[in-house]
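One structure is given here, and the rest of the page talks about it.
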Amino acid sequence: MHIQPIVELKNLTKIYGKGCNLCVENTGPEHETNICVNCNSLVACGNVSFELYPGETLGIVGESGSGKSSLLKLLNFDIEPTLGEFYINHEKINTFVGNEKVNLFNLNSFQKRLIKNHIIGIVYQYPYLGLRMKISAGGNIAENLIMAEWRNIEKIRKKISELFEKTELPIDRMDEQPEKFSGGMQQRVQIAKALSNNPIILLLDEITNGLDVSVQARILDLIRNLHWQHNLSIIIVSHDLSVIRVLTQRTIVMKYGRIVEVGLTDQILEDPQHPYTQLLVNSQL
Amino acid sequence: MGYVAVKGGTEAIENACKLLIYQRIKGNSKPLEIRQITNELYLLIDRIISEGSLYAPELAALAIKQTAGDIFEASFILRSYRTTIERLGYSLPIDTKKMRIIRRISAAFKEIPGGQILGPTSDYTLRLLDFNLINESPQKRKNFVKEFLKDINLSNYDFPETFPKIVDILRAEGLLMEGSKNANGFFDITRQSLTFPASRSASLQVMARSETGGLLLLAYSNMRGYGDIHPTVGELRVGYVPVYVKIPFSEGYCSIGEIKVTEVEVIAKFEDSEGQPKFKLGYGLCFGHNETKAISMAVLDGAMQSEKPQMISENQEFVLSHIDGIESMGFCNHYKLPHYVTFQSDLDRLRKAQRESLERNK
Amino acid sequence: MKGYNFGFLDEASKREIRRKILKAIAVPGYQVPFSSRELPIARGWGTGGIQITLSLIGPNDVLKVIDQGCDESVNAVNIKKFINAVTNVKITTDTTKASIIQTRHRIPEEKMNENQILVLQVPYPEALRVFEPSEFETRRMHAEADYSRMWLYLYEDIVTYREISIGARYPVMVNKRYIMDPSPIPRWDIKKLNMAETLYIFGAGREKRIYAIPPYTSVEPLEFEDFQFRVENFMGEKCILCGSDDTFLDEIIDDSKGKRIYMCSDTSYCNKLLISKKVLYKR
């Protein structure tokens, strides 16, 4: 049976610096670098292609500098790619861009914002990237609802309360600013915000970094529950294989901006094929 | 009823204007001559023509007299006179290599081709009050001039045609990062509204007519550490440059006179996009003799070329939006105008909020 | 005035301003940059409004200038004096007789018609400036109609104060497209902007922006369904002179004990009512 992927990514390349036509050729795992010797540019992602299937949780692992965080930022339109195609196959997208299959990277910034707000939710590694620290925690969530044309304060606050409940945040603190919250709570506010407009795709970037082990476990639990409740398709970036093991079904291994191995998570962790994956798995066990 | 509604604004305004004139002349001294102001307060004139952005020393002197020496008001009068003058055309870019130099120094090199020329500068004066000036007699002045000129013999002195520019020497060595040449002509800030990011041509124009103190404040913040220009004065020159205009319907050009300007080039080290260490140039030029302004301008020009602006002196929108003396002074003073309608509106909000808070506490 | 063009500005400058006005009318609520000449009146003292008036005015126009609703206020007197000196046009205090009315902080109480133009002086043209200092960023927001942060600002206000705390300068949505600063008019006057017969032109001289509301354009104050826009409430007070309780009132401290009295902010309208009442009384 053929299942249509919800996300298709084709030949995504992101080069920082002036770039040249040798950049992709000169970099990657076989050259052991992501800096082009010819022009000194940094190739964060080179020819990256993959699919995400409905309801799937896909892990992306790799060391820092492997390009995994750039990849997530590209998918959330935070940065512009150098080359590449990005498709989301979902009826909800047609309301924003029409019925034709279009490369989402080519949309204008207004359309991109609509997609970010209605289809994609993101949780960043650092809460200050995803939250306005001087605006109340509830206000941070309200911003997304406002973007979706909510214009009733009572209804907005009711929805915020629901999201607080769902992400196990204390409702009586919704008018406080997130800068007064602990790291774990800030991540929960980010998750609540990401969920506010019922996204189809959730992007998670190293969301348990720097948190206590017990807090980490509760956040992972929360993600797992939300995944089932909302039938989300999730891409989770992490350098922590235990996070990948707990949450994902399939995993992509990245090095120097390239995908070096793709497979079922169990398989990758138990029987890694690529030498780099073997190194990665062995060093963390 | 104790209150009488304010009426007769017209009369009050007219009286206020008369009182201002009276204030200036009531001391019964000899009327200040325009020539006196242009001759003796020439540095003040230079500030006014620069900030008023009109090279008209006599009119600047008149403005100084009329405003009792208020620099903001005098520049303002000159600037608003300028706006009524028809724009006939643009001159050719002035060539400061052709400057008739009265002062020229470089801090970057001990010796420079053509030599360091100190010229008339207050840099080395002792800042002591000279009480002799209280009763300065015309005879004393004459004696000083005679004494000063007696040993100077200009007839057998060989004046150089031009002085080479220090930065040209560095440029020839490939040590200088080249800015854009502005091939598409220049932006005229008096005819077009500034939008950001502004071109370098627009940025330099705004600074050239900015208020000296405002420019100094921002440049100083950068020099002190809120920024990292660490400038070296490559060259500072003061003197007179000829201004040429195109002769209509011909290929020729003609000179329409010369203007006194101060020009500064500061050199700052930075890395280009390929990580190569290079020098970049900060450029400052203003009407008249005003070294503080020209250096500040050059430092800010360098600072605003920063690839990743972090400090306010590197933020082009911030710098260019806040340095015009005439605009900022006008807006500052407008707060003296009545605002009682807006205040009433705010009062209404505050009272309602107070009433509600009282009710909640009950 | 000797040595100066009619209307002070040279004709090329006036033409530029008129072109920008036309653009502003074509895109209601959009801030059109213009070069903004210096005037012999200081920045912040109505130079945007004056430039608009000077570029539109002809010898047959009749001009009214008010500040805070009052024809006699110092700013209004000063501007009238200047415009009259450089144009020699007729000056009136009667709203219904003026062809151009220049104003600061008020819209007259009497209804204006299609043959009149109201020129408003603007200190801060950017409604989004309250939360975003960068001009580059606010222009992007307008271009993309990205207004969620403006609404978020109002949300936070409600959370903190239980109502929107903005006094004057209440942001409005023009033609369902651009959020616009209506200049510091009280909320009382906001409703007069909606579907008006009169052309409103806004000028910010220091910030170098012109914007406009053409006749019969929808202008809505930003509000939530359950936290609606409301105008100033004078709690039933009346004008001590004409007795009106349906006009915007100035609150005046009458004695050193803080006793308050109220008077119409629109002084020419108040006078008109007074005269008609006296006439009635004499009869």
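Here are a few things to note about the model shown:
The letters A, B and C name the chains in turn, as written, and every chain counts its residues from 1.
We take it that contacts are C-beta pairs under 8 Å (C-beta built on N, C-alpha and C of every residue); 3 or more make two chains touch, one makes a residue touch a chain.
For clarity, every value in this text was computed on a predicted model and none was experimentally measured.
Relative to the C-alpha centre of chain B, the farthest chain centre belongs to A.
If you compare B-C with A-C, the chain pair joined by more contacting C-beta pairs is B-C. Centre-to-centre, using mean CA coordinates, chain A is 52 Å away from chain B. Chain geometry summary: the mean Cα position of chain B and that of chain C are 35 Å apart. Chain centres here are Cα averages; for chain A and chain C they lie 48 Å apart.
The multi-chain contact residues of chain B, meaning those touching 2 or more other chains, do not exist; every residue touches at most one other chain.
Not a single residue in chain C touches at least two other chains. For chain A, the set of residues touching two or more other chains is empty. Touching chain A in their complex are the following residues of chain C: 144-146, 148-149, 151-152, 155-156, 158-160, 224-227.
Residues 4-5, 8-10, 12-13, 16, 33-40, 42-45, 47, 67-70, 72-78, 81, 104-106, 123, 134-136, 139, 161-163, 165-169, 184-188, 206, 208-209, 232-233, 240, 248-255, 261, 263, 265, 267 of chain C are the ones that touch chain B when the two sit in their complex.
Note for the complex: chain B touches chain C at residues 1-3, 5-10, 12-13, 76-77, 79-80, 82-84, 86-87, 189-197, 317, 321, 326-334, 337-342, 344-349, 352-353, 356. Residues 109-110, 113, 135-136, 138-139, 142-143, 146-147, 151-154, 156, 175 of chain A are the ones that touch chain C when the two sit in their complex.
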